[in-house]
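Two complexes come next, and they have one chain in common, chain A, joined by chain B in the first and chain C in the second.
This part shows the complex of A and B:
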């Protein structure tokens, strides 16, 4: 089904974000802005140790302070709460506050509710916790050894997750191959870094027996279900509201150990309670991502055809207090955009004494993209081939789509070579290569790099992400339109996109359309925003609901105008006959009739104008086949990148001269939104490639606990980004959309590595791990020089 | 991000301020622009019992030229210094440093006095006041005194200031040849503290020999660091490229940086050498 230009707004039209002005003017309402009279504030006691046994907690002094209303500890909670779901391998019970042991610096140990946040922090300082420090488990590879200290006494080892997959006769393929290269590649630990850290507020209405929670979350419905289960409170009496949410990038998806504390205290105390996480708390205890080591063997024929890959993944999952899909997402997608039919992966998820590891924009797939793209570049260099040609030689060709990958993933559509060519053209690739030669003569070390990344989007996993979205639309009797979205918004601009889709179908002007989201009291149940699912499942659900409403409006008009429905079209606020324009009814009249004069409705139509539609992720396998193959994502957007950098070989500093990228997210609903998301995504990827780094020392102390030390790129680090679109509609949805907003972040780590290596080609430097800090780049040059000296001697 | 309890005073005169300091001594902290003190208090790393806010004390914010000195009031904001034509023309290395200090918000509130007293080994003001041989004027209930910049910084975040004293003015020695200077800084992202920084101010005689030289280094030591031996080596010499290289190597040798997340000690030494060479080249360049 194609999208036709129709009524008041066209899908694909560039529309300014309706939400932007309010947010830019500082008029947003975030959780901390929600006014609640008589609020108490929460402060946490957090573990100063990475790994320790809790010997005792003495809260007497804190309890006796004026203005302190409650102190709770893990032991209190064990008595009254169900455990938090999703501990490692689901064998370990996890509670909102540490019980018996702490497993990372910053783990909540006790919570205080007090009249002010200042007082809550003072009281938390007055709680004496006696710890018995245990050896910290920090290095995931050492953590796998039998001699290592263990995080969980209940488990046999620190290996809390395994995934294995292999095609038959892999060893034989390796033996026959002309070349085999082995590499150790790793992506370092990051934090997703939304502008707004986590925040919760709650208020219990004793007369009604209702508990209302405000949460800075990407999934209010899921939070409500978890609250009901953990607190043992009827879900029907719970309402969760995610007001304006200041970004998530994965960090606000899914549950948190401590998330029930605020509602629990509100219930206990009968007063509103609030907690807004500080940045330091966030850096210490919010989920982190990307931390994977890959030992990869690649078998290549003399002509550059990659015939097989063998990968061993060691993923540092930190304290492992929740479900983490990063390993399987990496393991299933290492072959990426290349036609590789022989593949084996052995993946191990390791518990360490660090904050929990979990989703981060591009989860798993970013690690996979880094691994395969680094491999392509290094193979090309070692074989003396052009990295562009090597990629083209191995690309899945356009006629192979929909393409079933070696791991069972079903890629919906793609034109990889065309996309790469478009990026080369956008970057004036040949010219850039020549300029590089000229600049070398002037002492400038310029590099031109390429990368090609794919970001499977809109995941469906049993009990985790549902795999569908729901949209309810009501045309109100007075003529405005309310859209109830099961999916929320953390800055993506869904209010604008959903309104445009609805407007395009029912012909109402944009300013009459209002989107309600993030409120479980009003919206259909749903699994939250993540995995770029909104443009796949939510937008299509809205499209289907709006289309049904359009049909109903037309049918009502047909009956009352006594003309066949197929003659009628919606235009300028009216439904009129194409044959006889005098036969016309205003939309306003039809709406009034639908509610108030139901004897004039067609016989088979129900009263009112309210429709609910679902869209289910297409092509999903919920269980693997007998060989472990499965498809867990529904659409496969991708991007080609050409990056141009200058490397200061005396200091190691990298300056990004130009960053050119062409991406394909299928049909575009609103280019303004797709482009701005892509720019932001690229900048976040640049942060991941060069600046951002979560660092723990050997004792498991977090060294990057504030913005003094965790560096995010500023506007001055943002290079000239040139963005081009290629549109290959997904054949599996009415709108032909794919996920947008994540491919951008996947690009910089491989693209900048490629460019830096190219700049340093004369030294023969090879980049095998992120990030590319100046000191590491300088070390790379030095080692490469030493290596070539040795080779010369 | 919630400070421990403290008392707050807002004196209206300098006399009142130094009396408060006399009373509270070490348990007091002076608030100027608040760009270091407030974050430290929010982290509860600083827990003063009393905060003395200087912002209502008149007469502490000015930039004026006076008998060979550029006198800058301690409460003068970085942004005001950045915008001052006098600074830009007469002490351009200070102007260059201000362009790189923090971000707009920090520069709008942060003060020269606060930054100098903070004595961050990787701060921007330390190298500049050292290269310009500044004098730091302090006041207490007992009177006033001046401390030379080279004697002012005693350790990381530690100065020769007594607990009862407050800095009132920083007097920058007006360079004889303002354009013969450079401030170069390596920073992880814009506005960060320095990985390493070099402030250099030269005065050459008609034969190109070095009549006077001032060097200040950031990220080079446990304090803002003045490599006096390198200054002595350069004095009287013509700055041929071998001489500059030799001085750069000496800087690498005398530097004793603290290794941290901005870079290891070895890396900082290495890039200090590179930065010094580049600063010398910039200072020696013929400008039109």
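This part shows the complex of A and C:
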């Protein structure tokens, strides 16, 4: 790496990840690593049924076991706690442990605290729960029918959320169009799968009256507020620490039904309490993602111009104890990077007897990208057009930015055609097409596919992500710099990027800068990570705070050197005059003066060197206009992909030969971090496209509750990934950054579908659903062959 | 049913009281306080708890603590020498092979054990060696590059010490 820690840096330099040294040395502190003397461990009793009434719970045997300190059930908590939160439509009360009824396999029913992990599990097994099974609601389309069993007796149906949007006169546009195609497109159910499952630890200090809770969460501040409200404990006496967090990918955003159990037991028992979720518990009860069906009608003119889209979305939201933003995110962004001005969407969120639906890297937007990219490929084939040309014909052109989409989204900046061309060049697209022809002669089914995905980032929703972030920076009297970030970190490298931004403004070396994050006792209030918002809101907040500090340092120097501030520059630990280098003060001297000799400060400056700045996304709508249009994201990064695959038509196995992608996330703070993030994101997308699949049977039993059944890509599933950058800065922030975490993940489902379809072109196969497992690819070939036989007859 | 065993971990002799069913990873973490090995699945499928047992990489959730009585174990905490990162660790840092860091200790121990037995591996062999270790952040590319780099450096250092070879 080119930069030493003792040097100051510029934004955009490739700096080795500062926080990695501890982690590589085995000195990371994840929640379960936090040493707490005399810890009790929690075990949960979880429902084996997808849908059942709880008839009785007999915990006498567990309570009488030596080393068991507490047993709690849902009914106990109803008496003690405030309502946890409104479920669907805010008509349904949800408690930390099931009350009356269970609605998914894995729903917590009772909890115990015991001396060891093993004993906690033994005790949980000694709790006898009698259930009366009810019909399981599994298929979301059947769940919409009146005859379906209902999850919530309090509600009229299983439809727990609706979203509707339409431009005027849509039917007329469809009638005038040369072609109308109808498709049913489906993104299947996934789980985010961070390497560290969820975990909580808590300790009550009776002398101070403070409750400290460690949580593997992406949003410690929100958790603290929920704890205060649910436990009825003063928020001021609560401290939540998200120490090292072993990945999230959305699954650790927001609240969980059972999240208050550990702190509650710590309060009740006056001893430290811990719970580390097992992987089976995680797969059963952590939030899952995707799982949307889209019924699309697309109207196209003879020249390939897409003039209108009509979409009906059916989203499987699982038990719906909390409702996420997947539906509106999908609905607002189906038109994607294309200039489509006529659009209607009717979306329905359906409660089913599955684990709660929630955030997963690219939530909603991945489903939208799959839908529009599949649509473009299928339209191109049916019209006999080149899929690249069809996309280029419909792209929003560079001169149209900032571009207001049909749904009211405000796209910040982009050069879509340039990006696609760069990807075609990176992949040697024409050559690959020719090679495909040659290989077909040798019996190889090679396919070359394209996709173009856009990822709205830096979400700004009221009460959910807020639309702002805060950074406090203090230059300490002895000359080190503390950066307090409102956003935590689950592996994104904020400690490195934030310190580089600060160093670049105030000229202090990296090894003097320390970033504090994830601790509500120290950091400003914030909404945590999500929708790749940190590189937009948090980084710009740090930039603004550092810039104000820089101005203050320079003003102090100007006053004391008696030269105009504009003559001064920070370099080599000093602030010196460009005109007269003898007029110079060391940063050290200025810092001491700012704290200790305030009579030497400029008149309008306060003592000390501490600044708090907010960055507020400038281009956000917090409420929709009269026609339902709104912009809820501030930046719109995107990526073009060319994928080359070989399909084995005997086994259905897809081998990715090359995966070439060019992405644009605006200005890059640290290329190393962006690249690593992008590789990981692409590989997670490959998992989503081919390997990973959350499967429930007709009774709502989870068939994929372990790594034996839920296949996360290993190193051996990773193809040759080639990555190119294109930089189009965002005009909406001083740093010009956009989110960088998710475009990678969005690419593989549409790009690999495009490539597989190309490989199977002679069969006329059309892919309308993820994933592309061998058995599904074989079925696709079988179906296509049957279809062509029928067509031939 | 508590048994007391003696086990050498990172060169230091420990006495530990464990149940017959206690897994090695739980003894390391909960009894000995060595929390470097992490638990990602506890059924031998993710590799986050990989350590060296009798000189070979093993998933410590697949071994009972009592089985290790009288034997030697090396964990991530023992990979550094005199406070200096091992060249393999340094390569992980240089090549940006760790993001959230949860899988990293297990990944490092799997790679370390592998390189002990295969100092000059082909890329395919490296991939095969860590195929039982999941990483969700990095996409593996930098991990493979780091192991390649470390193997090269370790071989060069080895040649430096034994010029006659």
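Here is the rule we use: the second predicted complex is superposed on the first by the 785 of 793 C-alpha atoms of A that agree within 3 Å, B and C clash if a C-alpha of one lies under 4 Å from a C-alpha of the other, contacts with A are read in each partner's own complex, and residues count from 1 in each chain.
As a convention for this text, contacts are C-beta pairs under 8 Å (C-beta built on N, C-alpha and C of every residue); 3 or more make two chains touch, one makes a residue touch a chain.
Only a predicted model underlies this, so the values are computations on that prediction, with no experimental measurement involved.
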Partner chain(s) touched by A:704 [first = chain B, second = chain C, both, neither]: first
Touched partner set for A:682, first chain B, second chain C, both or neither: second
Which superposed partner A:725 touches (first chain B, second chain C, both, neither): neither
Contact breadth on chain A, by residue count: chain C or chain B: C
Chain B versus chain C as contact partner of A:650, first or second or both or neither: first
Which of chain B and chain C A:712 touches, first, second, both or neither: both
Partner chain in contact with A:117 - chain B first, chain C second, else both or neither: both
Touched partner set for A:312, first chain B, second chain C, both or neither: neither
Chain B versus chain C as contact partner of A:245, first or second or both or neither: second
Partner chain in contact with A:35 - chain B first, chain C second, else both or neither: second
Shared chain A contacts, counted only where both chain B and chain C touch the same residue: 117-118, 278-279, 706, 708, 712, 714-716
Sites on chain B touched by chain A in the complex: 1-5, 43-44, 103, 186, 188-193, 195, 261, 263-264, 267, 270-271, 274-275
Contact footprint of chain C on chain A as seen in their complex: 1, 16-17, 19-30, 32-33, 35, 116-118, 193-197, 244-247, 249, 276, 278-279, 490-493, 672-673, 675-677, 679-684, 706-708, 712, 714-716, 718, 721
Residues of chain A defined as touching chain B within the complex: 43, 117-118, 120-122, 125, 278-280, 650-651, 653, 691, 695, 703-704, 706, 708-709, 711-717, 773-775, 778
Residues of chain C defined as touching chain A within the complex: 19, 21-22, 26, 29-30, 33, 35-36, 38-43, 45-46, 48, 75-77, 79-80, 85, 89, 92-94, 96, 98-105, 108, 127-128, 130-144
